[in-house]
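Next come two complexes built around chain A: one with chain B, the other with chain C.
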Partner chain A sequence: MIVMFGKLRSKHDRAVLLIAFWILLALLGPLCSSHDPGAIGMQPVFSGPSMAHLLGTDYLGRDTLARLLNGIRHTVLLCFASTLFSCSVGTFLGIAAVTSRVWVEAVTGRLADGFLSIPSLLFALLVIAVFGTSTGALIMTMGIIYTPGAYRTSRALAQRIARLDFVTVARARGESTPYIILQEILPNMAGPMIADVGLRFIYSVLLLSNLSFLGIGVQPPEVDLGSMVRENMLGMAYGSPAMIVPVIVIAVLTVGINLALDSSSGKR
Partner chain B sequence: MNSQLSVLIGRRFLAACTSLAFVIVTVFAITNILPGDATDALLGQGATPEAITAMRHNLGLDQPVFVRFWVWLWGVLHGEFGHSLLNGLSVADVIGPRLHNSLLLAGASAAISVPVSLFLGITSAIWKDTVYDRVISIMTLGMVSVPEFVIATTAVYVFAVRLHLLPALADVGSVHSLRQFLAAFFMPVASLALVTLAQMVRMTRAAMVDTLSAPYIEMALLKGVGPARLILVHAIPNAIGPIINAVALSLSSLLGGVVVIEVVFTYPGIAGLMVDAVSSRDVPTVQACALVFCVTYLLLTTFADIVTILSLPRGRKA
Partner chain C sequence: MAATIQVENLEIVGRRGKGEELPIVRNVSFSVQRGEMLALIGESGSGKTTVALSLLGHIRSGCRIAGGTIRVAGYDVTALTPHERRSMRGRVISYVAQNAGSAFNPALSIMRQVVEPALVHRILPRRELEARAVSLFRVLALPEPETIGERYPGELSGGQLQRLMAAMALMTDPEVVIFDEPTTALDVTTQIEVLAVFKEVFAERGITGVYVTHDLSVVSQIADHAVVLKDGAIRETGTVSKILFQPEDPYSQALLAAAEPRSRQTDLAKRPAQPALLDVRKLVVGYGQATSAGLPEKVIVNHVSFSVPKGGMLGVIGESGCGKSTLARAISGLQPWAAGELFLNGASLAGSVRERTPEQRRHLQLVAQNADSVLNPSKPIGKTLERVVRFYSGLKGEAATRRVNELLDMVRLSPALASRLPSELSGGQKQRINFARALAADPQIVLCDEITAALDTVVAAAILDLMKELQRDLGLSFIFITHDLHALQSICDRVAVLYAGQAVEVGPASTLGKGVHHPYTRLLHDSVPLMEPGWLEATQRRRLAEATPVTTLNPLSPDPELCCFLARCSDRVGGLCDRVPPPVLSVSQGSSVLCHLPASIRPEFLS
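Right, the complex of A and B next:
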């Protein structure tokens, strides 16, 4: 574990810190606002920033900041959960493909190829048409969509590591396969896999925002960043912060992590 | 063409057929996995068991799964996608004109984004690490990292709301003059072109940078070849394969963009239809749209791979 942490610090520390920051914001953010995100008050709709409402009000006169913090919570937590799913299942299958019998790799490889031949947004539409838009369904949909990609990355990494001398030495020592996987292969995959987690997190944020914007992602009364843009589209004519601020937040989230990953991969 | 090359292409073609089979089975399987079926949606909660049985018989739902799959596949092969659960219209008839609209939108965007991104990608690779390259890299990274609807809504905000230059909706029905045509199509086409542009510029630049760092380019430089000749004669012919591959792959990202753009501008295309069908859980329509999209995607990726195979140096000699 300490070895893994050391690797994170050396390469992708900025990306990891950024993701940690967003998760913290998602967990604590909604506690920071005194307004109820669902309360429809007497305030005018699409009002500009004021002392009572720091970011103005939305199309029903609700406090934009409170809704924004709730939106961040849904977007970040949903996407992080689905990323954890896809990366852990992907890593498991990737290592299994390298360390077990040949047919395992043949079957998983073909399946991954098949899934990758369906565009991700299309696959999401197809699954949502059948399973609906509950939180669990959304997490599973996005998790399954990005599993083949994570599988390919981890398989490539594991293949490279499994050929290295220290693995051969461990085999010659007579270590068991679980020991080799846990002590030799996994710790050495951790660094590059963190970059993969960051990328897939961004992909899921983009996908979920698009789905919610199209009205088939997170459903009211819950709110995420994409559905916030959707419900406040009318406010565009007034330049309302209720529509513009979530767009900026999505951009800051994804561009930030992308830049952090980009700079750490360039330093290698 | 030598035999090794045709073997490679044949193998790629087989792989495409396998993927196609996978896609068809997946589309059918996902949409038939539900415990309840279309009858629940059609008849509502108050349906009597007799009505449900009759309905299931009418729709052929009392048949085993394999028989239903066969009947469905047979229909698809003959251009029959069944009837919409929503309005009973033949799905094929509804999709036809909308597919035409979507192809028009996608084609026009590709016609703009491909030349522009080739130019930007190649030039920024040539002038690597200059201010020009940095600006393009940062802008395209920013555009790749935001969802498609952000670009589309920003375009609406700037051109329709702030500048009052263009209508925010694509009113394709009332096109009678060139002016109206431009007004109706400009915004969706430009937004979609922007969405695909960023991806394409990045991939083109990467392919070109890769070529420019090859030893034979350095050799040509050392021989004293001028910059124009170096690029046009030595670099571009070798980069063409990877670049076409990059373009074809980016065009497949156009499919995702089309969905969002059509909804933002209420453009009457197949992607907008699919989103509506998903919201109302109109399964036959979703199936048909998904198949159309997946087949297009498959064609693009297969084309990209075949171009890559053809551009392999060992293939060119024969």
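Right, the complex of A and C next:
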């Protein structure tokens, strides 16, 4: 896989492949381990890697690899879903603000400013305090938190493009607004928007990990990367993989996706 | 005596990204004697700016000097350490950039910026430098030299900023000054003033100069020697009179041929009068709230009327900011107007493009100024054209492709280009595609907004030829908006002269320069540099002779109804022009002129 990855010429393909890899890992990963992520056995806690437990065990003596694969599933899927939400809603509103009447921009703009002024963690705490910590609530919360940012980016991009002559010419021709948005504006803002998606994804991974670390994200018996780190804090003293590996995975996931999307958008 | 500037076998190479090194400048050698002015002539991409900047020891990042020597005033520029280079720049050699508007920091006052280079080199204490700056302002004929330094760049005009930039370059009393297209961004009426001042100052101070330009008429006025560059190599060197009047190299000859004011007029202009295709009546366009009189707060286009006959070509000329582009936007329905009417084929046109019928939209096409931004960068040009064809004629598949190829052929481009993206085309090719896009609609009238402004002379000449061909072959009408009087005269039948939003004169293009005209039209016509040695001095002398008469203007509240050219007019009559709004007068050659036409310019021609 890694060899193939390096050989790919186009940076664009590389980004697509990397995203596909993480989604596949999220979907199929838990099937790769024979251990039950929730099973507390007779094993010692915080044991090192062995043939039976490739990444050792956690603070309850559960298999770290099985829990890690499960944690990746939650983190990746939740964050992809919320990023998808925030970026599509944000882009839609951003373009709408530029192409519709003036009051649309005034209303959406002020709303976005209002949301941006609320600290994201505080907002998440508030929503979760009211609605509880279901998966759906988490996705929506994170989605809403990052929508204003995506909105601002897309509005700024669309504003610049909408002023260019080829859009003017299309309007002079009498093209419909949907055509102008889909054919003239969107393709030309795709590059920077993709880079923005990468950024939003990282933010949501970090926010979810934060929430889980505080104990209000993904709830046991389910697990995500952030809650794994919190559970196994004690293992730090033993150098246990149960604490270190999820941290490394968070870093690799966020930095990798961001680099891949950044370079693919720059090459357009 | 050794030359002040001596460049020998200069080679500069550069690379794009990780590609191979490509030569940018090839084996360039020239020398400039003390007190002389050398012109570097060439089209964009010929390496003229690269050569000029290398004299300062500056090479753009990614490029390097691969060979040759540069000696400026005794310094071996290529061998200097960064520290020595710093001390040489500004003190021995200085630079005047093309766009003074963006070269000044808008947040600092003029004086702080003008004395800065001299201050950096610790030539004199600040107070003495400021005194020197004021004397330079006076020499450069800037208004209010004592206090202009306290102002900010945004408060001054382009021509003033360009002269201030020259003042900045002269502060340290350098031996050599490099000018990089210093008047290209200026209006002709301003350009002549700046050129005249520059020339006087050079002669007075014995400055050795290098003047980078593509404008041959400017070269003929200001330089002693010239070097013609193409693709980084020298094609011809010699005295200006030799290069301009007996060029030997085929490329120099082509450059000259393109710059030569040449008529493309055909007999077409002499056919019987055609009915008006587009009729503009008392159009008013502006911004802001409507005032009590029903006019907008800020009027950009002020009661403009003209008409374009079928198959006719109307030129609209004026300086930047006179409302040319706003007029084009209003006619094409992108900018609503406040008052007036517009008729196409006798039918009234709505102010907004959405309210016009598809037929009306098809018949009136806009070719916008900037070829770089007019094509969607993410679509192959074939797709762009196909969309227009499909939009207006409903052709699909095979038929649409055939039509696209036909259009490409019409603008003299190969059908193979259809699969290219706009970024893979040259400026001239893009402008042709821009044309093809308008033609795809099968229009009756095409509005061309400054379409040749960003192109090199040779390419622009080809575009003008193309326009004339299209007019002849397809019977198209054109409105050609420009600030280039030569281009206008070479193709247009009629001309509308715009000043401060008003059409001060509308008449036949062929009579420009003779007969009775609005004072602004005459000023404009006289300001276009000719390729005659001594033209600059002669014109300046004539201007001085007919200097503005000393009349006290009615100073209180200039009435918007009064003549817009009043403050600059050399023929104004006190008590008439500053009190009574100008009437529209018809003169013998068939023009209508918005002026009282005082006795000094009118005499007996008034019909």
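Here, the second predicted complex is superposed on the first by the 236 of 268 C-alpha atoms of A that agree within 3 Å, B and C clash if a C-alpha of one lies under 4 Å from a C-alpha of the other, contacts with A are read in each partner's own complex, and residues count from 1 in each chain.
Note that contacts are C-beta pairs under 8 Å (C-beta built on N, C-alpha and C of every residue); 3 or more make two chains touch, one makes a residue touch a chain.
Note that the structure is a prediction, hence the values are computed from the model and not measured.
Once the two complexes are overlaid on the shared chain, A:226 sits against chain B while remaining clear of chain C.
By the document's definition of touching, of the two partners only chain C reaches A:188; chain B does not. Of the two partners, chain B and chain C, it is B that touches more residues of chain A.
Once the two complexes are overlaid on the shared chain, A:40 sits clear of chain B and of chain C alike.
Chain contact summary for the complex, chain C toward chain A: residues 332-334, 353-354, 356, 358, 361, 365-366, 368-370, 373-379, 387-388, 391-392, 437, 441. On the chain A side of its complex with chain C, the touching residues are 164-166, 168-169, 171-175, 183-184, 187-188, 190.
Across the interface of their complex, chain B is touched by residues 110, 113-114, 117-122, 125-130, 202, 205-206, 209-210, 213-216, 226, 229, 233, 236-237, 239, 243, 247, 250-251, 254-255, 258-259, 262 of chain A. Every residue of chain B that touches chain A in the complex is listed here, in rising order: 15, 18-19, 22-23, 26-27, 30-31, 33-34, 141-142, 144-150, 153-154, 156-157, 161, 252, 255-256, 259-260, 263, 274-275, 277-279, 281, 283, 286, 290, 293-294, 297-298, 301.
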